[in-house]
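Note that chain A is present in both complexes that follow, paired respectively with chain B and with chain C.
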Partner chain A sequence: MERNQKKGWLYLLPALLFVAVFLVYPLIDVLIYSVQEGYNSASQEFFGWGSYNYSYVLRDPYFLQALKNTLVLVFLTVPASTLLSLLISLALSSIKKLRKLFQTVYFLPYVTNTLAVGMVFMILFDQTEYSNGLVNLILEGVGFSPVDFIEGPYWAKMLVLCVYTVWTVMPFKILVLTSALASVKEEYYSAARIDGTSRFRIFYKITLPMISPMLFYLVITGFIGAFKAYGDAVALFGVNLNAAEMNTIVGYIYDMLYGDSGGYPSYAAAAAIVLFVIVLTVTVINLLVRKKHVFNG
Partner chain B sequence: MKVVLSELTKHFPAPKKKGEVVAVDHFSFEIPDGSLIGLLGPSGCGKSTTLNMICGLQKPTSGKIFFGEKDVTDLPPEKRGVGMVFQNYALYPHLTVLDNILFPLENLKGKEKLKKEEKMERALTCARLVQIEGLLDRRPAELSGGQQQRVAIARALVKMPGVLLLDEPLSNLDARLRLQTREEIRRIQKETGITTVFVTHDQEEAMSISDCIVVMKEGVAQQIGAPQQVYDDPANLFVAKFLGTPPINVFEGRVEKGRLYIGNEDVLSVSGAEDGKVFVGIRPEGFVPDEKGTFTCTLKGVEVMGRDVSIVAQHPLCGSGAIRAIVSSEQGRAVDLSSSSVRFRLKSEKVFLFDGESQERIRVK
Partner chain C sequence: MKNQKNIPSLDRGAGVKEAAFKTVVYAFLVLCALAVLFPFYWMILTSFKSYAAYNSEYIPKL
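For the complex of A and B:
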């Protein structure tokens, strides 16, 4: 036992070192930055310790905008994409013909470059001198007035961003859920059918509990992924996200470091810690929910 | 409830080939009310397909199924009132034993709907019947194979089905548990009086508890009858070979003028049989070691099994490698082990003749 434990630690060492150097150390460093007031990156000096960086960030309208955007994005796209993926996976598992084809089709966004997808969305939503975009064409066709989705009202821009996010995260979820559904043994369904279980009850009482660990995994990773959103917004609205009111927390952190208004590592660090705390809280809540409701093999 | 299968046929599309596979071929059988029936055969013989057609999970290509007087051929499984125990039990792993047993009752709708206390009472009655009342709070993963089996039976019985179906009920249990569980199935079946059909590839299992066995091969019922009757009076070579441990010994022989010859030896009088080539099946207990016997084999050894003795021998006309004869220990001791051969007298009621071509039984007087 003793020897095995030593061996175990030895095998863990490479990963531990990697995590320590590239994750734990930076995290502590960021924490220190975030409480150093008036830090100057050129001279590497600061006035003193305190919470000023936090109070600045939490009062910065750009940060509040970014926070709001991120929360909207998280709480709209995670449920929407998970639910849609579940529906599509259920449909995929219930067909036999063309299943392979559709599986491929639904997986395509996963292997497509974010910026390429962004360009496709431009064609769909962007208004140019020559056209109003495909979506507007359809809207006009059914009698609505065209909307500027890229530079127009906030809700329109948010809608595009949400659609975009849902669309890009779905392939992975569908992949995971179809395999989860396939792993539920046919016998359970046969047994349930013989006992006269309605289709809804079969789904609710058998399928759902059995795929719940996977579903839960997708929700947690979905939340974390959505909190870290940034690239998608850039692909749609360009790098000046503050002006477009479409910034996210990660975008704000990036801008504070390298953007036009950048050069403030302390604010960036404080914002990063705020994001960390939010993600941690949401994940802990998720885990508590899991304990109560998820069946573990 | 009486179950009648009439000309039941099931075709499957053949994989990767044109045409069809006939899984069950014009199977007719009337299962008397309250009896325990064993569907027996090697894998791929259509026994599971037959079971699935009775429960309604598969639709017959042609033929009819009646429960009592009612034609259920086109009814979906849930409307047939059958209970089924699956090979792997199919217990819902996320539910406790109690919830598993309650599951079928919670599906009841409309008039059939039960009050909570009634449901509990029925679940508990079933749990007591299969003796698992102490395990109700556990999850299936926390149970042994035998206990899971009992839960599955309880779940199948709780809605009081007219017919109970068991698919390879003992195949997932170890040898000791198998003996115990098959007695248990018999007991539960007798106590409830429910018409029960079970599928197995293990002849011993089927023989030991069934009122009646159906031996199947390639979708065709070869013989139907009480276990002992089928064993003592097989309809063809397949049935004879399939029943019995150790298996029947088969020789190539011929009939000449009412005498049976194996090689050059005249072994038995078989009046009534026509001259020609035959297969001779001799049950292991049909051999009697006798120095004056007319049937000579090469002696390979004697295996002591306690109560009786198995003589292992060889014969050039025997299809399988070794012949096994089961004799009493006194008779076994009498065999001269230093000799290279052993002579047997044959018990005529344990010797069956089968046609050399069709392998059908030739009856002799």
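For the complex of A and C:
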């Protein structure tokens, strides 16, 4: 037993070393950066230790804007995309004809590049000097007044970002949920059908509990992914996200490091730690909820 | 015997319900598929447009 345990650690060593060097060490390094005051990246000197970086970041209006944007994005897109992909995969699993075709179509966005398709969404919503863009043309056709979605009011821009985010994260969720639905044993459904159970009750009492582990996995990864959003916003609104009021926390970190206002690794590190704490908190809450509500059969 | 007579009519009602359900499901799937595919369609269209054509999207009038 003792010898086996040693062997086990030996087998784990390569993976542990990799994690330690490329994950744990950088994390500790970021933590150290974030509490060094007045760090100068050229001379690698700093004045002393303290929490000034955090108080600067938490008072920076750009960071607060980025925080607000990220939170709005997370709490709008994660429920919306999960519900929609659950509906689509339920519909997919209830049909036989054309099922493969629909699955292929829904999977297409997964293999595309976020910048390329983001540009298409930008074109769809954009107002140019001579045209209102396709979406506005449709809106006008239905009788609404055109809205400047890319350079206009805050909620119009947020709507575009949310629609695009939902569009990009759906394929993965549909893929996972359709396979989860396919793995539910047919016997349960047969038994329910013999008892004459209604469709909604079958879904609520059999399907939902059986796929709940996968659903929670999707919600957790969805939350984490949405908190780390950055590329989507760049694709839609360009590199200067602060001017567009559409910055995200990751975008703020990037700007602090390399952007036009950049060169402040300490502020970037502090913002990164704040993001880390937020994501950790949300994930822990998710896991606690999971423990209570998920069926582990 | 009476009960047996009723069974086909019950089944027919269920068949109509089933058909309606299938129609709704397919309509929903087609709508979502269109929403997914449209950006690709538009991307290909835009790649063939000149800058002027891209810049002045409009609904042609008769």
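In this section, the second predicted complex is superposed on the first by the 296 of 297 C-alpha atoms of A that agree within 3 Å, B and C clash if a C-alpha of one lies under 4 Å from a C-alpha of the other, contacts with A are read in each partner's own complex, and residues count from 1 in each chain.
One rule holds in what follows: a residue touches a chain if its C-beta (ideal position, glycine included) is under 8 Å from a C-beta of that chain, and two chains touch if they have at least 3 such contacts.
No experiment lies behind these values; they were computed from the predicted model shown.
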Counting only touches as set out at the top, which of chain B and chain C does A:F102 meet: first, second, both, neither?
-> second
So, does A:W167 touch the first partner chain B, the second partner chain C, both, or neither?
-> second
Return first, second, both or neither, reflecting whether A:M210 touches chain B, chain C, both chains, or no partner chain.
-> first
Which partner reaches more residues of chain A, chain B or chain C?
-> C
Would you sort A:F295 into first (chain B), second (chain C), both or neither based on which partner it touches?
-> first
Partner chain(s) touched by A:S183 [first = chain B, second = chain C, both, neither] | neither
Please indicate which partner A:N240 is in contact with in the superposed arrangement: first for chain B, second for chain C, both, or neither.
-> neither
Would you sort A:A191 into first (chain B), second (chain C), both or neither based on which partner it touches?
-> first
Residues of chain C touching chain A in the complex | 21-22, 25-26, 28-29, 32-33, 35-37, 39-40, 42-43, 46, 54-59
Give every residue of chain B touching chain A within the complex, in rising order.
-> 55-57, 76-79, 82-84, 86-88, 90, 92-94, 103-104, 107-108, 141, 155, 159
Within their complex, state which residues of chain A touch chain B.
-> 185, 187-188, 190-198, 201, 205-206, 209-210, 295, 297
Touch list for chain A against partner chain C, complex = 84, 87-88, 91-92, 94-95, 98, 102, 105-106, 108-109, 112, 116-117, 120-121, 123-124, 128-134, 137, 141, 167, 170, 199
